[in-house]
Structures are given as structure tokens and as C-alpha cells.
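Below is one structure; the comments refer to it alone.
Chain IDs A, B and C follow the sequence of writing; residue 1 opens each chain.
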């Protein structure tokens, strides 16, 4: 059954959705009224105009179908958004139609619960492609499924919005809001440093290889290893004095009516602290009752931390002493700083 | 032309066309028409003004105020329809001034559509049909452009955008792509065809909760039961077609005489009808309404004339029916209608033998008339000397006192006449010979007929006919005046004779015992020529009239009968007579019913549904197989096409892809066997797998297909036969050995 | 392909290049070994001594920047010789754990078939659990953790061949074979590479980066047609008359993770039939059981490989 359902979903059997626009609703009502009037009066000219309105509706359906035929959408990578504001997602649509252009297209990922402003494409030339920006606004942090990628058109007359639903195997991770942390201390050795990755330290640990970025000192380039690669690789060393800081989060919903809200605020707080620490070039780890993110530095680590916080569940049960586990964990991590965040 | 201006032009055109269709109904005078035309023509170009916020807000208030006023007026005058239509026109003209954003344009089109609906109600003329086609074209273009405009607005007109960027974008030329024109043309044709299909296919089962028709100002001023001498002149120049007649089995002949009703009583100034007592007509076995129930129409209709008459709406009810003398029977082609709506049309006959029909007053009517044009030959008529029956004398001998001169004239004419027939001929030829036909006459109010006979001897047909009747009656011969139409224009396009209002005519019938009334026409034949001033554009007007008839027959008067006829024709039921709504009689219906019954509907239905289902399944299977198993890419994908072309070319060289060989492996083998194609094969394989499996679509050169074809065409021809035997050992890649 | 995937692909390629500096003429073996590393699997090398197994393992450890330990398996090797021991420290009055040689990123388990079954299973448990349990306490092994085990299939006396059921703890089974003539000539010229690994090979990455790359392997997608192809293959192994036992579900899972890693190594974020064809024999030849004939040791593998190769040649690949 699952396979059949999957087959039906993936084939072009059903994935169409039709909805009226405001104008379309008016046209439909007028057509129905015309039909009633024509039948009642027997006035053939009313029949003629009725026929005209029906023809407009039928042609509209046929044309919108042909307009959507041959529209493809490139698969989207995992989308990362933030609960704070608008998330922009770039979509790329293509037409594989050989002769006819497609008009008035809209495309957006169908994310239940998110407010969306679709990407719009006026004309897509035959075999052409275009990029558009979708604006997504999420009500809260968390993981959102993407039900599909919707490509819709109001062509030709703007009476109907016909939507084609393309499978889009991806998800959206919405990070918690992050605010500036006023009292965040500046780590020793790098006053005022705001860069988001570990600094090159003289004699620091080898951190890894990465692509050359404009601005990197040429002496970092690992010449032998980047033979034939473009851009070349540079060796990245970890800065000395990059102490680990653990952000411990007790993700238990506190008692009380505003428990959920308080937990959310705590998660935001944890995210803000973690990001602030990363910005200062520190190695940050995250521990909650639901999991551990090992310490690391740099933007990638920030992303991992925020990903983890996005999906951190709100635990309802609270057996006594459960928070003690966090303390226990932190005790074992000797030599590291720890910030405890409780709702 | 810049997009914005073009779109506004199209919008103005839409409104104009719609309003023109409405205006040509004559409902509105220029007082409404002129400002409406001006506003709809100029308003759309005042876009900058329309965008101002205060304008929009106050415009809404004003429209509301006018609406209230018009509604109040409508309630007071009771003419709701007119009020509603007027308000629609007002709103359309008003909206024309307020075109700013895409929804404004769409609303303008909606209002134009409302006007077209109104025009359908009040203007059933050919002008509506003629304007509908351009309206569909312009409306389609307008709607498409509005959709484009809405697209541009949604991209550039967001809240955060600079309004000027939208303005400049709309003022550009390149927004409408060239393909758009073709698209539009195709769409328009499709819409029109679909409209027609819908129009002809929707069953005409009138339920009639409301009034049958509510057209106004349509009827021709018609045939009253009183004709005042001298009134006639005002009609005489009117070229409007009143009826169209097709005579069965013959080319249209002119002049054609169509008798309407007879008038018996003359009071010295006007003719009246006193035979108002009407009784329902009898129907014969064939469903015809017969004039002489005691003389059945012979089955062999040779010598009889059968006319199909299309009669325009005329004022007055019941309506007089026309036919060539001597009329035997009438038939409405509406047996189906009758079955649905009994007493819809009813035929009545009076003592004078005139036939009227009751029914909706302002609807054109189609019927068939059977007549016997054969008159008794003169010798027989001369020999008829039986006395007139008393009821004939009562009705057709009565006269007001006449002047001495008139009586003397009658006596002079009667003297020496051998028979009634000779007398009638003599009076007829006297009037034809001695009198002049003229439309430009002014006779006294007191005794116009005496003025005509004694004083100036000039007049039109009513004078001639009245004079003859009076002279005959003075001589003791029962006679009556007959009104109808005489003349007509043969229309070669439609194969019928059109009778115009100007063809209205009066003539005389003289009573002969045993033979009944015999037709005489004292009006000089020159009158016909005088009236038939054919204009240089006769051809054009004939064609136009034929179009008009077609419009009425096939559009305005399209009905259940015609649908049934078409259905009958579809199922091969033979039907007698074709023409203006060839009557569907019971036999036809029965035959049709039998034909429909004999169709094995169950099998048909099963067959159609089965074929559709199987076709659908096959289509899906083919599509899905193409998509999932053999070709992972659509057929029209440029890379897939080139890849297949490569495969075919390589196969011709004996390098065939094995089923177990992946694209990359195949490309590598091609590179080994046909090194010239190697690089292309590798690149194509890379693109192919990216597209088919990776879902990434690296842009490929637009002329990829051509490039590949060129390459394949210029490859060295297949080499030795040895190579043709097939691939070498299969390359299994590196498995770690 | 996302930047992080590209990064991972580049990293794998860099490791391969680095190892090949000392392991000449055997690109396929190196690639498969790195594939196993990326797929969090382990490698079983079956070959005669002197084929360069140790060089491969050392070079791999060196290039990835991880620790390297070699354990020579002998018949008297005890499990605790691998995992480590806890000793009583009278001064602290506690047990102190002395980690065994298995606590390293890359472990070369040389000639595993010489040790007894108990020792072997200690190794195998550590491989699959990625931890060792000593005195009821679990100690996690370093991550990434790669075991390269070798055995000489031609030696039968006094050996304990790995039981078939345990073979599937290894993601890939590889044979090295003799290098091509040119490569061998150079090896002989420089007097072997065994003592030059530390000089010639430099770390091109770090264990953390390898971990990161391993994480990205999961992001490589398997297109539905390729998945269908794999399922076709798996089903055919189960129906093939030459096989007693076809590919198990775990085998299919391992195959796919190996395919993912290979796709990544090839710079793709999706698996192709090419990956399947390349990885089927290394990952599955030691998991299927050929029918009858009582063959043993390396001959079993030969037989299984032949059957699988035959299947590959007959199963249609997706696409046209």
C-alpha cells in the first residue's frame, strides 16, 4: 500500500490543486447566474453569453494546465530559518517546454504553519530558468516538514490559481531567536575580535583544510595538497587559548501556565549565549537532557548548536534530580567553563 | 507600444465594444451615450490621476451615491431593468476613469461583461452578434494583459518597493513576449469555438419562472383592425424587413402576394373589421390548422403552394398570419414546444376567414402556410350567376351614403357589364388606366375617397382598393378590401423573399358564389417600380439581411426543435421539409424516439467508458514507463535527446550499450572505441546522470542538440566489420583485485 | 552540492592522494579503504604477507592525522592485550585503567586468523560497538575509528579463520594483489616504502574533520531508480542458484552506506549505479555463501565474486 501511495503521489496523477481567485469567484457566480437566467428566460443570447463565460472557464483550465506542464524545480537543500524574522529561500525553476513560454508563475515550499510570500516569475522563456526568492516567516523554532514544492499559476485570466505540487524531500530547521548578550565577556588574547571562526594562532593545533577565501594570507596555502584544485586549500590552525565553554540547558517545561513560554525563552537564551561565545572565537559545546553537541568553534559549530536547539524537545516529565545529570556531566568536563540555563 | 498604453487602449476597446452593443439597442439616447463613449474612450488613459488615494476614496462614495439615486429612480418609475442597466453603464464609465492597478482592469472587464449581458437582453439584433466576436477578441487580450500586469505588480509593486520602478517597468515595451500574440490568437479562436459548442449543446428546456421575453421596442407597428385612409403613406418608405418567405420547391419569385386580413366595413373615412367573432381552428390528421374544415387538403399536394414564413414580431395580439391567397392551412413548427407548454400558441379563425395566432407578442414567429393559388378560369367565373347568400350581403355590401358623382361613376361602369367578373375586370382596368399612383397625396378629411375618384385621381393603393370596393358595392357586388404585402426582394443569398414594411399593400377580393372570394388588384403595376427603388448597395443589404435571418434562425430563435432536428439528423431520421424551422411533427418525434431506442445505449455507454478508461490507462502506462523505466528524463530534455542520438550513432558502429552498462561506463567505452566522440560522450553522460539521478540541472548549451548532431555526422564512418560484432568484454570496473 | 559536502569530498580525495604517495599502483584499494573510513566501516585485507598491508594502514593513519596502533595477532594473544587492563593502584586505592592498543583512530590488526576465537571476538565486538567493556565499565573508543584487519587466506595451519557470521562486521573485504610492473619497479628501487611512511605522508586532515565528513555521507541521496536497481540486485542474489545465501538486509544497508561514501568521494551528492557496481563485490562477496562444493577460504570468495560479477553483467541499470 505504501508503495502504491508513493507511486500515486510521485506520478502526475493527483498533485494539482485548484482554487478560485477573487475575480474567478465573481466570474463563476456570474456564469451560474447567467445559466439560471438563460434557462428561465429562454433568451438565446443569454445562452450565448453563458456559453462564452463557460468557454472562458474551460479554456482557463486548459491553458493553466499547459502553462504548468514542463515546469521543473531544482531540489532545495535543507532550509534553515530563524524564528526571529523572515527567512529568504532561493528557488530555481526551469522550463523544459521547447516552444512555449510559461507565464505568471509562483513557487514556494509548502511548509505547514509558516507564512509564505512566494517567489514570482513573470515569464519563463522556453527551456529557460529563473531564480526567485521566497520569504518564509515561522511562528516558532523547531523542525518543520516540507510537504512539497508548490508551483502555481494564475495564467491565463487570473480566475483560478492552479498549483502543481512537486515532491521536495527536505525539511526546515527553524532556529531559536538570538539576541545580543550584553555581558558576554571578551576572551583573553583577542580583544574585540568578532570573527566567526577560530583565529590562526602561531603554533596552534592544525584544525583542518578548507577552501581559500579572499583575504587569507598566501602562506597558509597548502600547495602540495591543492594541486589542481580551484580554489586552493589552505591549512587552518586553531588559535591558542580557546577554552571550552559548555552551555547546559535544562529543557524541562517548568510548572505553571506559562511554562512553555519560559522554556522557549530559556532556549533563546541558550542560543544567544552559545552564539555570542562562538562569535568570540571560543569552543562551545551544548548539553541538554536530550543530547550533547561536542565542543567546537566556528560558524559550522554555531550552526550545529542552533540546529540542536531548534529540535530540542520540551520535556514534560520532571523526575526529581533529573537536572542533576547535567551537573554530573559538567563535573566530568574538567577545565571547561559552563553556563547553566534554566527556564 | 509601451505595455501600459497598449493595455489601456485594449481596455478602452473592451468597454467601447460592450457599450456599443448595448447602445445599438436604442435603449439609450445620445444624452447617455455620448458621455459614456467619451469616458470609456478617454478615461483609461488617465492612469496617473486614478492612482491618487483621495480620488479613489471619493470615487467610491460617488458611485455609491449614484447607485442609491438610480435605485430610487428605478423604484419610482418601476423600470428596474433600465435602472440596473443604466447603473452598470455608469459604473463601467466610472471605472474607466479609475484604472490604476491590475484588479481595476479586471473589474472594468467584469463591468464590460455585465454590459454585454444587458445587451443580450435588450439588443437581440444582428449588431449584437456582430459585436460579440470583436468583444471576445479584445476581452481575451485584455484579460491576458491584466494577468501579466498583475504579475509585474506582484514582483515590483510590493509594499517595500519604489513605486517608480513599477511605473517604469510598465512603460517598457518588451513585457509582452512575441509568442504572446500567437497564444492570444489561439486562445481567442478556442474560446469562440467553445462558446458555440456550449451554445448549441445546452438543452433548451425552458422552465420559464420569469417572463418569456422582455425585449422592448422590437415590434413593427402592425396590422390593426382599422385602416384610416391616408395613414399608409407614413409606412411606405420603411425598408425594414417584416417577413421572409421561402416557397417550397422553387426559386424565390417576386412579386409575392401575402394576404393578411380583410376589412369589411367602410364608414367613409376608414375601414373596420366587424367579424371579430373568432373560434379555434380545427386540426387535420397531419396536425395542420385548416381554414376549410369541410374540404380536406388532398394528400397529393401538386398545384398547392407551401410557404415557410418567418414573421418578425409585430405589435398587437393576437397576431395576423399571412399567406398567399387562397390560404388553406397553417402550421406552427412547434409540436415539441406544444407538448411542453400547452396553449403556447393557439390559432383562431373568424367569419371572414382571417387567421390569427395568440402567443407571446414580441417574439418572431415561424410557420408554414398551405395555399391554393389556382383561380377559377374566367369562363367559369362569368357563368356564375347564383344569388349571393344572405350572410355575404350582410357583411360585404354595406356602404355609407356616397356622393352623386361617385354613384354616377359606378353606374357608368356597371352599365353593359355582361357578368360580375366582367364588371370587376372593368373597374380594375379603369382604375389602373385612368388613375395615377402617388404617395404624395393630400385629400380632404371629409370624403377622401370622393376626392380621389373625382378630383385629382392620384393616390396610393389604399385609395385604389377602397375605390374599387366602393364602386363594386354600389353596383351590388359583394367585395372587400384586403391588407397584406405585395412585392418583395428576392434574396439570392438566403433563397427567400424578403418583404419589407414598404411592401405593405391593399387590394380587393370580390365574392363569387361557389368560387368564393377572387383577388383583384386595381393599383397600377407602376407602383411596384416606384416602390422598388433599388439602391446601389442592394447586394450588400441582401447579404446583410441573409446574415440577419441566419442570426435570428440559428441564434436568437434557436430552440428545442432545432436541437431535436439536429439530433434527428445525427441519427439519420428522415424528416420532410427543411427550412425555417422545418416543423417537427409527431411522426418525426416518433421516428426519432424509435431511433434513439434502437441505439444500444448500454453497449454504447460501456464501449465509450471502456475505451476512455483503457486509453487513459495505456496513456498513463506509456507515460510512466517512459518516465520511470526507460527514460528517466522527459523526452524533450535536451541532454536526454542528445544522449539517445549518441547511443543510436554508436550502435550503428557496433558500440551498443549493454543493459547492465551504466552511462559512465558506456561513455568510457565509447571513448575507447570511437575516440572522436569520447569527450562528448563523457560530458553527456555526466550531464545525464546529474539530471536523471542527481536532480541538478547544470545549464547546457542551447545548441547542444545541433552540436551533437554535427559531431555524430562528421565521425569517421564505421570501420571494419570485425568491430560490428559488438562490445569487447564488459568493463567491470575495479573491484579491488 | 552544498559547500560542506564539497568540503567532505575534497577531504576524501586529499587522503586518497596522500596515501597513494607510498602505496603505488593500487588506486582502487586505497579508494575503497577511504570509502570504508568515510562510511564508518572497517576493512578486511586478505592477501599474502608483503603485499603492503601495513604500509596502507600506516599511511592512512598518518594522512588522517589520527593515532595509529598495530596489533600483531598471535595464538597467545589475550583479549586484554587488545583492550587494556585495569590495575590496582595501592596508593590511590583505586583501579587504574591502562588502555590497550585498540584505543587509536586507526588500528592495524595483523593476521587476525592467528589468534584464538576469544581474542578475535574481543576485536570484533570493539569494532561494532565502538567501545570496550572492561570490569563492567564501557569505555568509548576514539572516533573516527577504523580497523584494518588482515589475514592470509593461504595459511591454514594453526589458524582460526574468522567465522562466516562475523565476516560482515567488515564493511569491505579487499585483496591487494601484486602491483603493476612500473609501480613494483619503483617500490623495489626505493627499497620499499615501509620505513618511509612517516616521512612522505603528512596529515592532510584531522580526526574531527573526518568525523564531519562521515556525518555528511548521510546527506548523499539515493535516487529512486538506483534504489530499485539495488533491490533488483539483492533479490537476484537470493534467487541465484549459485548462492546458498544471498545478500542480507544488513548487507544491503552496508552496501548502500558504502555506495554513499563512494559517491561522496567521487564528488557527487547522489548515488549512481556505478557506485553500486563498484562497491558490490568489496562489500558483499564476503557476505554471501556460495552453494556446496566444500570450498574454503579464499576460494569461497572467488566463487562468490564470480557469481556477483555475473549478476552485475545481467542486471539492467536504470536510465537509457
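Quick notes
The rule is short, and it goes like this: a residue touches a chain if its C-beta (ideal position, glycine included) is under 8 Å from a C-beta of that chain, and two chains touch if they have at least 3 such contacts.
Here the structure is a predicted model, which means the values were calculated and not measured.
Each chain gets a centre from its C-alpha atoms; the one nearest the centre of all protein C-alpha atoms is A. Each chain's centre was taken as the mean of its CA atoms, and the one lying most distant from chain B is C.
Counting C-beta pairs in contact across A-C and across B-C gives the higher total for B-C. Chain centres here are Cα means. That of chain A falls 59 Å from that of chain B.
The mean-CA centres of chain A and chain C are about 37 angstrom from one another, to the nearest whole unit.
For the pair chain B and chain C, the distance between mean C-alpha positions equals 85 Å.
Among the residues of chain B, those in touch with two or more other chains are 695-696. Residues of chain C in contact with at least two other chains: 221. Among all residues of chain A, none touch two or more other chains.
Contact residues on chain A toward chain B in their complex (touch as defined above): 11-13, 22-23, 26-27, 30, 34, 38-56, 58-59, 62-63, 70, 72, 74-75, 94, 96-101, 103-104, 106, 120, 122-123, 125, 127, 129, 154-158.
Within the complex, the chain C residues that touch chain B are 1, 27-29, 32, 172, 174-175, 177, 221, 223, 225-226, 268-274, 277-278, 281-282, 305, 309, 312-320. Those residues of chain B lying in contact with chain C across their complex are 628-632, 640, 643-644, 647, 658-665, 688-689, 692-696, 730, 732-737. Interface of chain B with chain A (complex): residues 102-103, 106, 110, 113-114, 116-117, 119-121, 124, 128, 132, 136, 143-144, 146-148, 150-152, 154-155, 175, 177, 179, 183, 187, 190-199, 202, 204-214, 555-559, 620, 623-624, 627, 634, 636-638, 695-697, 699, 702. By the touch criterion stated above, chain A contacts chain C in their complex at residues 10, 77, 169, 206-211, 222, 225, 229, 233, 296, 300.
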